[in-house]
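The structure appears right after this line, and notes come after that.
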């Protein structure tokens, strides 16, 4: 295996596709949206990216099948909209690896004619969130204005430490390649898998890209998590939990 | 020395050999089985893999001989069965290293005509185990069925975090190369070297590959460890030991 | 993207330029000086260095623009003096990365005709500092004498562990390339952003390089920090803060 | 700078030279011996090895000169004996780096005609040591016998974890290149710089290589450390110090 190896599974013609990335991160917000799009749209797996920069690991399916960790690129058609949805079980295991995987994703984006990139993720607030704002960062002023019109908030110096990992690099390196690129981040506590933040993010995405998906399943998961959160808050009322307590619930 | 360097020590003709990997890991279960096979079968060292991705280290033998850390591939003949047994003192020291060493092992497997891979290891339960189940993950549904027939358990989402290190990669990368590949993992506490788990694993291996080895030595080691475990449990009855207490016994 | 990629933004003729490096480090002393020079002088951005050895990160501007982490080389003209000021948001993320970025900076220095290098930084004292001495280390005895004449102190075996990161390497590798190179380090507590140490360092720089800049802004920042320090010392009088307490203020 | 870069400073003809390595490690035992040989013999610096695998660092001399971290190879003539003494301020900063630096040292050894390698170091006992045994590990049985005759002890399974770092690799990789190679390790507490252990090691070296050096300076340093140890033991009698207390003294 080379540094990065791309398995080509299908090569359909896409119509002005938008890259939507949702690899694992804070609150699994990006992953939840990406997986929901794949499930609700008309989907086809186009590429698998294998790399020694991903963790040295196989995942085990429900039936016991072992599969090498990979980043996957799916074609998802929803209404008239063509998406290239990028997801997977793991991000790269090192800083250099993040750069290499991001470049590989952008190469594939180039092959299928992607003109704009939306990297999805969560931004941790450190406390349980009622209203899930969607924060943004983008490669151009024009895109910032467009996104503000659909409800994305651009706050001074947020997120404070910048955006780390593949989401940041897809915007940074994508911008360098002349793509219109933005990172959209749903506010989330940072402690829990957060389907409600994913719902808020998907809402913005629908308006921005002008498509509609059935949100039922995501709403159900959000309801389940609300129950968990409610139980959490009961516990919190009794004795303030440490970060470690909460971490096991994610 | 290059990235990975293979020393060729012998090149016998092997008859449909099965790769059996047992490098150090949880409970040393895989290593115990691999070493037992080498001792009990008719064995010949075929290859040594040296690599800067292994720890920068020599081991010191009982007589004081210093030997560079290596992964070793042995031909082991037991009855009519030809095995390529892969073992050694150390796994790779980094994620990239795991990929590189796994590829080197699979290259050697290709040279000697290996068609199927069994990566052995332990799966930690976090507590002392009475019955040592053998869990599995495999590269195909057919192999899963075959292994279930010899007593391997395939449990939904276990091991939870997937399989990390060379065992996982031999199955994942091996599957990609068209090999029939599985990981077999003996349940073990995770705190102790576990010859009893190794015995259970070897039992499954014997049935699956249709050979027989003398288990006396492994049973003796298991009895010794049972004494240790018994002493451990006495202590446990007095005051619950921390993980750190137990770690020193392994 | 390659290992290191240099974006060329301008190529003016420089007159015997001096490289002044101020990347983030102890007390942000070097960065404060570098940024002050860029703001007060006549400045032009000449080069951006992107690299997979920098953190995989974009910074987000006040308006929401995402920018890939980079090391920047500015031409700064102050009076008759031409400087090549090197700064940025981040240092390299690994030891090898520090070497690669330092070499890239020195290559650019070579292209624009730099003959001497001043790497700026802070040296931590571990306690709040009243008088900010400027310590030095240099590539030649002659340069040591010259710098002593402008108030730089050369103390036996200080800093004790040598100088780590790009500042050290610009002097070490710069010296090997035949450049006159020194590291100038303002004494600072190590806990706080320290504009007062930066002021002391800039004072030495002005005398050594024979230029003058308006210090008003740096003085204002120093006054603000003095207030912070005063509040810190009040707290300290009440109960001795741990390093962790202080770290959040930097 | 490449991966590893060798600066050639002199190329004398050496007469059957023995490589003696003493880079920093446990108790600085190897370094103390190497530096003592350089000081007491007729010495010339032959090579400096610079590498991005060494820490990104300059050391600062007593007068303030900054020098890039390097591994140095000195020709040391003592009586009729030609040594290639390898020392420096730092070992490599990574596992891969240890391999690369060790290969570079062995390449130089090949250029000057080295036939045998003695890698010096300390082996930690975890407690203050009265008698400093010298333990060994070697690349051949013959060499083990020869070294036993001059008082080197070869103990079953010691040092337990093998020998890590450049000392181990010079023996392991040196043996692979057909060199007669051994590691000699003075017993030492592991907490303190230990000139007494260095003295014991140098004693063995003198007998084995049949040369004599003045030990006065090393004895004086040993006396100084004995005073430190005596003060340590007083403290120990009062309250048992933790490892952390002791660490600051090394």
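Labels for the chains are A, B, C and D, by order of writing; each one numbers its residues from 1.
Here is the rule we go by: contacts are C-beta pairs under 8 Å (C-beta built on N, C-alpha and C of every residue); 3 or more make two chains touch, one makes a residue touch a chain.
Because the structure is predicted, anything quoted here is derived from the model rather than measured.
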Centroid-based (C-alpha) most distant chain relative to chain A: D
Same or different contact residues where chain D meets its copy chain B, judged by the half mark: different
Centroid spacing, where centroids are CA-atom means, of chain B and chain D in whole angstrom: 37
Between chain A and chain D, centroid-to-centroid distance (C-alpha), Å: 52
Residues within chain C bordering two or more other chains: none
Of chain C, residues touching chain D in the complex: 92, 95-96, 98-100, 102-103, 136-141, 144, 154-159, 161-166, 168-169, 171-173, 175-176, 181-183
Partner chain D, residues of chain B touching it in the complex: 1, 50, 52-60, 62-69, 89, 93-94
